[in-house]
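In order of appearance the chains are A, B, C and D, and numbering begins at 1 in each one.
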Amino acid sequence: MGVIRLGYVHLRVTDLEEARRHYEDILGLKVVHEEFGKLYLKAWDEWDHHHLVLEEGGTGLSKFGFKVTGPESLEKFEKSIAAFGCTVNRMSKGENYAVGEGLRTELPSGHVMELYYEIEYVGTEVGTLNPHPRPKELRGIGAPALDHMLLSAERPDILERFFTECMDFRVSERVVSELGENGELIGTWMFVTHKTHDIAFIQGKDKMFHHMGYKLMDWSAIRHAGEILGMNDVSVGFGPDIHGLSRGQTIYFFDPAGNRNEVFAGGYEAFRDWPTITWTADQLLRAVGHIGREMKENHFTVLT
Amino acid sequence: MGVIRLGYVHLRVTDLEEARRHYEDILGLKVVHEEFGKLYLKAWDEWDHHHLVLEEGGTGLSKFGFKVTGPESLEKFEKSIAAFGCTVNRMSKGENYAVGEGLRTELPSGHVMELYYEIEYVGTEVGTLNPHPRPKELRGIGAPALDHMLLSAERPDILERFFTECMDFRVSERVVSELGENGELIGTWMFVTHKTHDIAFIQGKDKMFHHMGYKLMDWSAIRHAGEILGMNDVSVGFGPDIHGLSRGQTIYFFDPAGNRNEVFAGGYEAFRDWPTITWTADQLLRAVGHIGREMKENHFTVLT
Amino acid sequence: MGVIRLGYVHLRVTDLEEARRHYEDILGLKVVHEEFGKLYLKAWDEWDHHHLVLEEGGTGLSKFGFKVTGPESLEKFEKSIAAFGCTVNRMSKGENYAVGEGLRTELPSGHVMELYYEIEYVGTEVGTLNPHPRPKELRGIGAPALDHMLLSAERPDILERFFTECMDFRVSERVVSELGENGELIGTWMFVTHKTHDIAFIQGKDKMFHHMGYKLMDWSAIRHAGEILGMNDVSVGFGPDIHGLSRGQTIYFFDPAGNRNEVFAGGYEAFRDWPTITWTADQLLRAVGHIGREMKENHFTVLT
Amino acid sequence: MGVIRLGYVHLRVTDLEEARRHYEDILGLKVVHEEFGKLYLKAWDEWDHHHLVLEEGGTGLSKFGFKVTGPESLEKFEKSIAAFGCTVNRMSKGENYAVGEGLRTELPSGHVMELYYEIEYVGTEVGTLNPHPRPKELRGIGAPALDHMLLSAERPDILERFFTECMDFRVSERVVSELGENGELIGTWMFVTHKTHDIAFIQGKDKMFHHMGYKLMDWSAIRHAGEILGMNDVSVGFGPDIHGLSRGQTIYFFDPAGNRNEVFAGGYEAFRDWPTITWTADQLLRAVGHIGREMKENHFTVLT
């Protein structure tokens, strides 16, 4: 009982056709459904109908959803969220294309989060009978699946409480301004699967989106992604490098609307019985880039 | 509530000093405790006291343990195992060095399995404050952590029932003799974390051990492991290759007593809402080695 | 003045259309010219018109050519080859499609070798102005270029003398039956560029072909090649593994006619002032496969 | 006859013991000889006595040497250099420790270059009989060998003429301010082996040193180097990234004196019959970093 994984992200883009080219040609996703002003996309190694809905108009996060195990999870989370003091509403099957009934809430950071347990089944591109290890044909980066999301919040500490108290997440890593009682929480990385993080929050404006991350196989896939990005003149924000925080191997880049994407490989397998790792703000550059330790100002300031 | 991970393996070895050299110099584990006839070892990225106990005398699996969340998990599994018809006994704190109270049961395959929720905390070699992505010094292969185990059983189907019904595991992949009603279960790969498998059973003699797998970072770490194995004249059973089943990148090799080890990288992240993948026996070579599709007879016959 | 590189290989194949599919879809070469019973192919990172001519009928090597610097090299080699006691003839421009005038000789092993200094210029797929690091689209393995060739000869020692005395090659590595005076030469690896080998001979029947090797970027490209081979059911002879001899990372596989191909990465940069490395026959398995040290009987016996 | 390779670099460092730690612990070189104020170092895969001499006092390049084939090369280059209008002097055996007789000249850029054909033979760490593919123990990055050097010159065009006309180098790639007659040469990359470059010059102050590059096996070795650099707080200038120019995979970093080092992998094999690749200045960021396309100001301005 509980959250299964980050299921979908609804992202606003200024131009739907430009966005389509980016997510199809560069990231290698497939459009599985279209409706007026919206594109629904999935990655090759995902079973569910979609993980990304591009919505024309503006930039940034429209809303996102976690898939949960079933109606009993909805009931549990309905209570825990209400007890935390957030408004939570039922949503009906069909309010989201291909998605069943669920809950909708506004996080303390103003982000809209949905919980659902049913979504149309499409299947991966390699199938369930004597499958190949990957599809014969891949486009661009060929990202297999959505991995995680980083948002900003004025009070990351409240989001940390929300996700650990209401949603049964654990904190894998945290950045604090300093050790000790005066230390302020600058960022928190949380998991409910065994990823190093399923969702994370850094200090910044409420309601804003930092990036969503796609999981690649390894460091050679990160280079391959870099080749694709370079050949297509995609704007790169940071990387390739190794994160100190999470140990992930990474490149950040921007979609044509300016929303940040990440390709991510490696990172350890997190377990619920492990202690939280702490980073102090003076080591922030190392937490972000173990090798380069320098980044564009915009890594911390550009949010959508 | 439930199983956290494969916690420890007690392995019999014919010569303790030879085994020490193998697991320390080749795999890069560290001896954390010694007592008469036994060595306790951990890997650098593990928090718990040990994951391997080498016991002098013979070969093969002596017993193994899954770490569970707490006493409430013990109670739950005590009932579910008894209900399945297996004998289950309480074990006391200290019966296993550094390990707390728990349960002990004999699987339908005759293997001895323990469940426990406490083990002495040692910590990883990189720590919890502004950690490096890996230790400065690594020995041999430098395996970060134990990953999974493959055992043999006369009736894999019963073991599959045991782990899914009593222990809340899911089946990621199966090999069947043929599709349809006459198909017999030849092997079953099961997970309780998000690994492609935490434990697996293939058809063979009861009580026997096929291999335990260590998780490496990626395909380049597999090559690095291969360099170490070759330079130290370690007997290699199979690989490097890509498993069709699990997509893991792999080398199998033998410790001086003849127990099989595996180094394993990649593999997908498994989720509980996914369908099981099926392999038919005619594709078995592809399931084991996507590239080479040929293996030494001994891959299926040598068990300890 | 001298040999520039292994320029082209004419290979006999039993079925031209099957061979086209193999070399185009699997290796990723491009057909640049066709004529009755022949296909001419090049790889994406080669400047010259072709490096492979597939000739319908039979299997094995029809002939091969080294590109040399100019007419003065032809004159020099004409003399050195004649002095060695081999017959050498002039060949005219146009005897080979797109290739200029040259020499043709029969090696002491019976293989037909040509030397030429002109071949039509086509250019790589990335061009000469602000090029991308690779083409945007690659097919199959996407082999960038031909690398080397291994042939068999009853007397490798004579071939070693031929290439070092007449053609200015150096010996990078050798396999001998034993050290000392009674040692017989079992194989010789020779270079004229800075490759670990441009051509090599192992003991076996005269006139026979062991394999031609394509150079890939690295070990991750070897895995990528293995994925392609596996997904297309290409028969793999050996690998992935690391050669002890040459340190190359390798997979051997067969075209539909049974001619052996290799994908090869790594290997050191050879220099003419370096001593020759010697392998003794008792270490032959390690010379071929540093990790696996076992190979199918056919690796030594199947020649075309 | 001609140049074999870049043989040695004499580099000035402000503190010899700090430099020793950097080149031994970080790059993994070995000190083979010490004398007052000087350390001589070699890498594990080099046969010659040393490739690096650290000289206490100041920063930047003291001088460098190319190994040539023999006395006949000295005679030839003595004439060609004099004909170019540069002063060239004989140097005696022993003027450089372990190095035989040679020539010394001052390049048009003011850099001191030596040519020699004898240097004490030490051998690689894997030897010449049934060698392992690498040493069992490597320190830090474990760089196998020196690869190339980049210097600055007020007139790169003159250096290009010098190396092509006097020394038989070829130009693999060039950067020009613009195409056409008004285009000024901003940088030139030249080879005499089959590397993408053995030496290169960019526009800047005369006599200055940009970096020397070490060749690593591949992109995974670049990451491994990055891990070492980060764990040891070495100042990184740029990377990891892929050069558009040369296709090399790279990280630039600084020794404690501020001299720039590079680790470099990949890059194509250059041949003398190939056309030169041209980059225009507007694509300079892409030439340096195909992925990131942005770099610290200091990449172009910091020279020693």
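Quick notes on this one:
As a convention for this text, contacts are C-beta pairs under 8 Å (C-beta built on N, C-alpha and C of every residue); 3 or more make two chains touch, one makes a residue touch a chain.
Just so it is clear, the structure is predicted and the values come from calculations on it, not from any experiment.
Interface comparison, C-D versus B-D: the higher count of C-beta contacts falls to C-D. Each chain gets a centre from the mean of its Cα atoms; the one farthest from the centre of subunit A is C. Rounded to whole angstrom, the centroid-to-centroid distance between subunit C and subunit D, based on C-alpha atoms, equals 31 Å.
Chain geometry summary: the mean Cα position of subunit B and that of subunit D are 48 Å apart.
Counting partner chains per residue, subunit B has residues 132-134, 218-220, 227, 230, 242, 244, 286, 290 touching two or more of them. Within the complex formed with subunit C, the subunit B residues making contact are 219-220, 223, 226-227, 229-230, 236, 238-242, 244, 249, 251, 286, 290-294, 296.
Those residues of subunit B whose C-beta lies close enough to touch subunit A in the complex are 4-5, 45, 47, 67, 69, 128-134, 144-145, 179, 193-195, 215, 217-220, 242, 244, 247, 265-266, 268-269, 271-280, 283, 286-287, 290.
The part of subunit D that touches subunit B in the complex is made up of residues 132-134, 136, 218, 220, 227, 230-231.
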